[in-house]
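What follows is a structure written as structure tokens; I'll ask about it next.
The letters A, B and C name the chains in turn, as written, and every chain counts its residues from 1.
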Amino acid sequence: MVNKTLSGVSDFTSLRIPIDKVGVEERVERFQKRSIKNGSKLEGLKLILNMIDLTTLEGKDTPSKVKQMCYKAQHLHDVHAGLPTVAAVCVYPNFVKLAKESLKGSNVKVASVATAFPSGQAPLSIKLEDTKLALDSGADEIDMVISRGKFLSGDYNFVYDEIAAIKEVCGEARLKVILETGELVTLDNVRLASDIAMYAGADFIKTSTGKISPAATMQVTYVMLTAIRDFMYKTGVQVGMKPAGGISNSKLALQYMVMLYETLGPDWMSNEWFRFGASSLANDVLMQIVKQETGRYQSADYFSID
Amino acid sequence: MAKKTEKEIKNIWTYDPAPESSDHIQLKDKYDLYIDGKWVKPESGKYYDTSNPASTKKIASIAYGNDKDVDKAVRAARKAYKNVWSKMEPSERAKYIFRIARIMQERARELAVIECMDSGKVIREARDVDVPLACNHFFYYAGWADKLEYAFPNQKVESIGVAGQIIPWNFPLLMAAWKIAPALAAGNTVVLKPAETTPLTALKLAEIIHEAGLPAGVVNVVTGFGDTGAAIVNHHDIDKIAFTGSTGVGKLIQRAVAGTNKRVTLELGGKSANIILDDAPLDQAVEGIVNGIFFNQGHVCCAGSRLFVQENVADRVIQMLKARMETLVVGDPLDKNTDIGAINSKEQLATINKYIEIGKKEGADMYQSHINLPKSGYYCAPTLFTNMSQSSVIVKEEIFGPVLTIQTFRTIDEVIQKANNTEYGLAAGVWTSNGARIFNLTTKLKAGVVWANTYNRFDPVSPFGGYKESGFGREGGLHGLKSYVKLS
Amino acid sequence: MERLSVLKTYKLYIGGAFPRTESGRYYELKNGKGENIANVCLASRKDFRNAVVAARKASGGWSERSHFNRSQILYRIAEMMETRRAQFIEELISQGISKSKAEVEVDLSVDRLVYYAGWCDKYTQVLSSVNPVSSPHFNFSTVEPMGVISVISDVKNGLLDLVSVVAPIIAGGNTVVVLAAEQYPLSAITFAEVLNSSDVPGGVVNILTGKRSELLKHMASHMDVNAIAYSGTSGEERKLIEIESVENLKRSCYIDENWNDKGAQGLKFIEMFQEVKTTWHPIENIGGATSSY
């Protein structure tokens, strides 16, 4: 699927789509003003849980932490029946094997960051090795980072070629391309980077590594969603979206769901096409679900923090 | 993308009702006239019903003021002008107006809910636009009261006297604020006539003004119909008429005052052009189109009702617009998720439907979003027409509803010419990411307000008003003060 | 034998040309002794219509000219008037005005043109504002000329009344169709000759001579005239003008000034014929960077 539709695009500058930031902010405000209640809230929360990529990406990660997280991924809150699992766990390549084993028999996928995450400051050969390591260890999904420095210097072809090369080694594994929007600064850049990533073969585009502030924002995600919509319109190819970092409570996640629903519609309303990269979101969603079903406000003490 | 049916979409996710509570709203069964600081019965003893257009149910009985009531109100206003208000220290006047603003803020939610019930507008807009803007208008003009000499340097500034103010039903409270605040700041007294279908927030405002302790007679509210308004226009002791409403009525007023010394400002109709160039930020432009025509059910004098899209992006823009229209929620005005509420009255709905029929007869292609309209109440689905010409009736006449006409163009000169080819000149929108082009268009469009890469934004400091048959005089900002002072 | 003098034919001034009235009609202008001093064109409503067409055509170019250039042109009018000072005085006298008054009037007319020449590139600054709206938008209000203005000249002075109204109107970028005072057509047409020789584009000022009673209604009712300025009108005339102006919501401006007063000039006479336009544009604010210093 590499070079899906790139015929004729030799200069990515010509892809530049202007974005008016104030207009984007106004649109996002409208999403935030939607009031999600009762049944739609419960349905939305369950969907959110099912879309989470439970993530740990720290230098101090240990095998036991990864194991615990994998357990949590399958047993979110066992005292409450009828809850979905999360979509995937997201770890460093080193932990892919362990995660894969821990999740055996479940539907939960293993995603691995790769390509010299989070900075991407390494030659392509190393990035390819990094990716192969993750794949060989059994990763179902690869979360790569783009070379932001090259992007900002205008070397769009470099960025494109790198993504295309990674995609090639991914084979069946789905490739999520992290734009690190916090370093791209403008929404016009976010839009262009989204387009480059999709033309280069991304199965998902993802906002952030979680290591740079700001991470995912609704504004940035909105621009990426419209890029996905336009790409679908132009090529007929559906691409997924993953905001990551900074989405830590249900209310905000529901606002993302509203945005997704009103921008891309029901075809994207599943974990096949939308993910939340988050570590602490799951528990807040769980608390809200239990509150919604019992009518009782919840305490964090009753939800495990793995 | 694979198109799912409406039902399938609903099955996946839909927004459950999220109604704003109206339990705390206190309304009387019957409202009298507010004259000389007192609630007085109308001379005729007649009352009429004001109803909720979303349910068609009666909300309250409203006094039907006649020429005798108007005369009483004008006398009270004259007396208050002569004895109190024009003599008061401007800084004291300012404090009264500040106080009104503060009480409005305290009662903001109540005002918003009542506005929705009486007018059909949605709570999101009443809460976030109408009411805060109305409060802010009082805040803004309050501060001018003791600074008039800075507003008009090298000139002697005097108040005019008694202002008769007649306001429309589309932004009932906000229009009352636009009228009353600058009038009071400049030292005038007021006789206000709200629109017959939306008197409640003006009456609530009278309560607030009363609560603020404003001297009796400074603001008087006389409810009623067209003849009540005519009595104000024709009253010999009115010095100034301020009217917002249709161009037709504006002309009647202008004829009525011909040869008198009454000053007039008119804020009338429009058929404003919203122009999308091919280099525009298209998603934001689509949002601007939606804000332009579907804000307040299209009951907006400056609505961007004539859309012009550059031909090479027209198909794409229309496709995006249609998709966006499908996400608009039409229904209960008090639901926080509703985007488009009820049409203000049965009559207005009939007018809109008449134009929709004309559009179809004229051979234009119509598109309406796939929405189940509520069974009771007055509703109209968001509607757009393509394939028509400058001469089509629906392109020329103000519809005052959620009905958009779309035309395409090839060159900038062509669109400037078409945009200006109207008797109106209230507002215009321009969407492009090219700065030089923005200023070319904003300079050449004959309109009092030009929104570039935005639409339907309002602010107390921003002058608003039209060219040509959209009226004269400005409201808002420093320029808005001028309508309420005598300069020499 | 005494040389036979060549008499001047006074014609209308429309679109930069001096046509006779299309109606072929004229009226006799008499001096104080009752002698006929000229046959003056009695402009018809069709002449008025033609003048409006010319004024509309000139409107775009004149309003878009640089304000500095308009200023230069107004100053040029003053220069050209000064050179014809003697002629204007003589003509005013022949129309029944005393020499001393005529001199004052011509001087004041020239000075008034110089005054408004100076305003051309300044009034916009004074009348404009940047409005600090609460949302992230840049918002400013500026003024634009209304367009085509009908002017019914006052009848108190032979030249000054006309100059005092026309100067601020054209300084502000409008074009005009003026009906000169019936009893003072000569100086009005000579003023047209001044305009014609001072870089004022044709059609910016159009001058008609004729009867107020005939033309007033059309000047007020024409749908392509944006505003009407009128002076020296009776109450009845005023009411008629205001009613006839309604159909296209023509701005009607009654001006009652003693133009002989040196201070009868100012920004307000420019502002009267300007529309306020407010423009909005979003302001992008990235990353919360502030302009602190």
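Some observations on this one:
Convention: contacts are C-beta pairs under 8 Å (C-beta built on N, C-alpha and C of every residue); 3 or more make two chains touch, one makes a residue touch a chain.
Bear in mind that the values here come from a model prediction, so they are computed numbers and not experimental data.
Farthest from chain C, judged by the mean position of CA atoms in each chain, is A. Closest chain to the protein centre (all Cα atoms averaged), using per-chain Cα means: B.
Centre-to-centre separation between chain A and chain B, using Cα means, comes to 44 Å.
In terms of their C-alpha centroids, the spacing between chain A and chain C amounts to 68 Å. A straight line joining the Cα centres of chain B and chain C is 37 Å long.
Residues of chain C in contact with two or more other chains: 137, 282. Annotation for chain A: residues touching 2 or more other chains are 20, 22-23. Taken residue by residue, chain B touches two or more other chains at 453-454, whereas all remaining positions touch fewer. Interface residues of chain C facing chain A in the complex, by the touch rule stated above, are 136-137, 282-287. The part of chain B that touches chain C in the complex is made up of residues 136, 155, 247, 250-251, 254-255, 257-259, 266, 268, 423, 438, 442-443, 447-454, 457, 459, 461-465, 467-469, 471-472, 474, 477-479, 487. Per the touch definition, chain A reaches chain B in the complex via residues 17-20, 22-24, 26-27, 33-41, 43-44, 47, 226, 232-233, 238, 257, 261-262, 265-267, 269. Within the complex, the chain B residues that touch chain A are 1-2, 4, 8-9, 12-18, 124, 128, 279-285, 287-288, 316, 319, 323, 327, 336-337, 433, 453-454. Residues 129, 131-135, 137, 139, 141, 144, 146, 226, 235, 238-239, 242-243, 245-249, 251, 268, 275-282 of chain C are the ones that touch chain B when the two sit in their complex.
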